[in-house]
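Shared between the two complexes below is chain A, which has chain B as its partner in the first and chain C in the second.
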Partner chain A sequence: MADEILRLEGISKHFGGLSALQEVSFSVEGGEALGLVGPNGSGKTTLINVVCGLYTPNAGNIYLEGAKLGKTTPHKLAKSGINRTFQVPQPFASLTVRENVEIAAAHRRGDGMSVVEILDFVNLGKWAGQEAGSLNAAQQKRLDLGRALALNPKVLFVDELGAGLNPAELAEVAAMLRSLLNGGRALVVVEHLMGFLDKLVDRVIVLNAGREIFHGGLRSALDDGEVKRVFLGTVGA
Partner chain B sequence: MLVEYSIVAGVLLGLFYALMAMGLNLVFGVQRIINLAHGDMVMLGGFGAWELYYGYHLNPVVAIVVMIPITVAVGFGLYYLLIPRLKSAVDFETLSLVLFFGVSQVVEALAALGFGNNERSLPVSSIPSHPVNFLGQPYPADWWVAAGVALPLLAIFFLYLYRTRLGRETRAVMADEHEAVSVGIDAARVSAISFGVGLALAAAAGVLAVFVFGGVDPSEGVGITITAFAIIVFGSLGSPLGTVVGSILFGVAYQLAQVYTPSWSNLVPYVLVIGTMLLRPQGLFGRRTRIA
Partner chain C sequence: MLDSKGGGKPLAGLLRRKTLLLDLLAVAIPVIGFSFGLNFYSNELLLVYMMVYVALAHGINISYGFTGYLPFGYFGFFGAGAYGATLAILDLHVPALLGMLFGGVAGVLVGLLLLPLFRLRGAYFAIATLAAGEAVADIVANPSLQSITNGPYGENLASVYSSGQIYVAALVFMALALLAVVLVKNSRFGLSLRAIKESEYSAAMAGVNVVQLRSLAWVIAAAIAGVGGAIFGWATTVFYPSAVFDSAISVFAIVFALFGGTGSVWGPTLGTVLLYGLYSAVGLSSPQYFQLIYGLAIVGLILFAPRGLVGFGRAAVRRLSLRRAGANG
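Showing the complex of A and B:
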């Protein structure tokens, strides 16, 4: 059995009277890709923000490689190996593509891919000297992934990296992400595109209104009555 | 001839205005805070030079070198005292306006208590004082001194911002604080240093302002803040290059107004802000509201 990288126990997060997350628990192992799905507003990005330290949870604990994470600042969590991409990436526009990756690599733990290797991996080597603000949306998403990889993550949260990509680009990104699992890294992939997830993840957690409603294989999720109701508004065929 | 004179004078004073406004823009770019006490920091720089001259016989230009590390350290501490608590509020931008308005009032009152309400000046002999002829026109020496000190300080600031790791991290925080922390940047530390650097730039400009404005008094802060704000809006909020270009254009416009319509010249900053808002709200160099 592979080593557990990240474990969440009973994570809850409230914004005033709104309950964004309710006792969400899961774990992910090295070399495993976990899918996190749910309709808009189900709490997926909130969960990433909690794990990455941008939000403080109201309840629950987070463990990285078995060690409980106390109240830690986001930049320290990033350095410790919990990294992410953003649903709508905002590259450091006036820095070059290379500088965007270098600035992250300066904070990485241990060894990892070099900046040149990362730029090649995300297919941005040709644009290395260009201002990041001039990249198109798909390139900005790849740059966001490159910056996260520069930190040599233990667990990488990928937030809707497939959104807006055409089928060829989706297949390319899925293969790219799959290859990241080889080094014992864990992936948590937030995505709406089931075809994309099918190529990538071993199991999924389905959230609705901040609550976990399903945990298991993707195919089983697609047959689950409550999941169907949440996504399609109907039960049964 | 008057046009040439206005342009040269505008460029000289524009460099001084750039130094005066840069700190305000840096603090806004990094923290999205309009520091309404910025002009009071400039004023304190002037009184600092006055104290160092009469207390320690320190030349005002040398006083700038002494004051820079001190003000960076003070700003660094002040950041941690004021900002983190403010940032935890839901509407921290609005609250910051109220807070720094209060800071401005307190600093002005304390300066009045400490130095009195009368204007204080430094002897013209403390810097070169003979008018300098350029293209057949004489210009006050203190304008050349102000430009000559502002230019290398601005160059050092740009080197820091564009050629050092800390500067790149500062620009990253200016672009997006959440993305910056997600790549391991300690945004609070970067912001605190930026606050200190902003304060140091204001204080350095304050020393020069004693000569350019003919003296320093506790009530000058508000007017300086308004002028600096007009310049950074015109040049683009968050754009350091915009501040330099905006300052020079403001300097030229102000000098032209001084020459041709002197009684209207004090309206230039207000016309600049309103005109920018109506014609190009993002300012000269703005792609959006904020660029790093």
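Showing the complex of A and C:
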């Protein structure tokens, strides 16, 4: 069995009266890609925000390589190997593409890809000297990815990297993400596009209204009665 | 098409060296200018005040230009600096020049005290620092502290007055403030501050210790204001609390910085020389109008010209080069 990288136990998060996450638990291993799916508003991004220190959970514990993460700050989490991309990309718009990655690379512990290698990997080498704000949305998402990779994360959360891409680009991004699993990294991939996930993940967690309603293989998720109902419900709505 | 991989790196390095050179010129030219200032203009006190304001505007540059937090209470550091230096000179009997450093220390101490205000954002932060600045002023001017600060009756530094020393101190101080901005701007520290300003949380996820770096910028700005207040007090010789704890000082420094353009080394210097020059030429008879006008100017500049004069300059250069490219292509 591969080593467990990240484990969530009973994570809950409320916003006022709204339960965005209710007792969500799962773990990911090194070299594994886990899919996180669910209709709009089901709590996927909130889960990333909780694990990555933007929000404090109301209940539950998070373990990184078996060690419990106490109260900590986002920059410490980033340095200890947890990172993410953003559903709405968050580049440092007035900095160049290269500087965006350099800032993160400067805080890396241990070794990893160089800034140039990262820019090539996310296909932004050509734009290295440009202001990040001048990139299009898909490029900005790849820049988020590059910035996260600069810290050589042990576990990386990817929030809808495929949204708005054409099939050829999707295949490219899927291959890009798959190659990130080498070296024992764990990936948690939030995505609405099942075809994309199918190329990438072994297991999925399905969230609905903050609650985990399914956990298992992607194919069997698509055959699951409740999962079907939840997704058809939103498609029909 | 340029080969980005082959050409990108040296080009970027060259660009960086070029901006560093321009930034160093933005230190050297004002310093040389003020060194010879007395040959052109005989009002020594006004030149000293102007140099102090150049430095203050650059303190605003570091705290607002690089972090986005607008400190309306900047005068609190300034006044604390004036009093810190005065007490060191009169009570601890340190030489006046050394006393200026005590002013910086006093500014830093007040700055550290106010660090918790960073939990607030935007206008709330700006207003809270204003209130804090007033609070420091009230404490210093309190009659019950008369034995230490002379309360509302002010201080007198006539015993250590030395116009030559004051001028040199102001010049060196301005040079150091400018150098500090060059260092911040061209360092990883400055890059991280700009990242924080764009997106605090993303900066943290890039590994940047947001609280630490922002506090450091704040403390540097407070030190500049403290020394500025000290030199101002020394040059003014006799001053009341209301003269050094004056919100107009914050307003001026902010307008000068914004008008010239924050985030650059030239901007706040140009802004100060132009606007303080204008104020001195026109406003001495009715300074209260200037405060009003400058107050309105802050609002207008933040809303409509956040990059100031330097921003207009850059935009003009860009438009010209675009037009040239268009004509060629």
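The definition used in the following text is that the second predicted complex is superposed on the first by the 233 of 237 C-alpha atoms of A that agree within 3 Å, B and C clash if a C-alpha of one lies under 4 Å from a C-alpha of the other, contacts with A are read in each partner's own complex, and residues count from 1 in each chain.
In the analysis below, a residue touches a chain if its C-beta (ideal position, glycine included) is under 8 Å from a C-beta of that chain, and two chains touch if they have at least 3 such contacts.
The model shown is predicted, which means the values in this text are computed figures rather than measured ones.
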item: Fit or clash between chain C and chain B when superposed on chain A; value: clash
item: Contacts of A:A128 with chain B and chain C, given as first, second, both or neither; value: second
item: Which of chain B and chain C A:H192 touches, first, second, both or neither; value: neither
item: Which of chain B and chain C A:R178 touches, first, second, both or neither; value: neither
item: Partner chain(s) touched by A:H215 [first = chain B, second = chain C, both, neither]; value: neither
item: First, second, both or neither for A:C52, with chain B first and chain C second; value: both
item: Dominant toucher of chain A (residue count), chain B or chain C; value: C
item: Touched partner set for A:R98, first chain B, second chain C, both or neither; value: second
item: On chain A, positions contacted by chain B and by chain C; value: 52-54, 73-75, 78-79, 83-84, 86, 90-95, 99, 103-104, 106-108, 147-148, 150-151
item: Complex contact set, residues of chain A against chain C; value: 52-54, 73-75, 77-79, 83-84, 86, 90-96, 98-100, 102-104, 106-108, 116, 120, 125-129, 147-148, 150-151
item: In the complex, chain A residues that touch chain B; value: 52-54, 73-75, 78-79, 83-84, 86, 89-95, 99, 103-104, 106-108, 133, 147-148, 150-151
item: Partner chain A, residues of chain B touching it in the complex; value: 165, 168-169, 171-172, 175-176, 178-188, 287, 291-292
item: Chain A partner contacts - residues on chain C that touch it in the complex; value: 4-5, 8-9, 11-12, 188, 191-192, 194-195, 198-199, 201-211
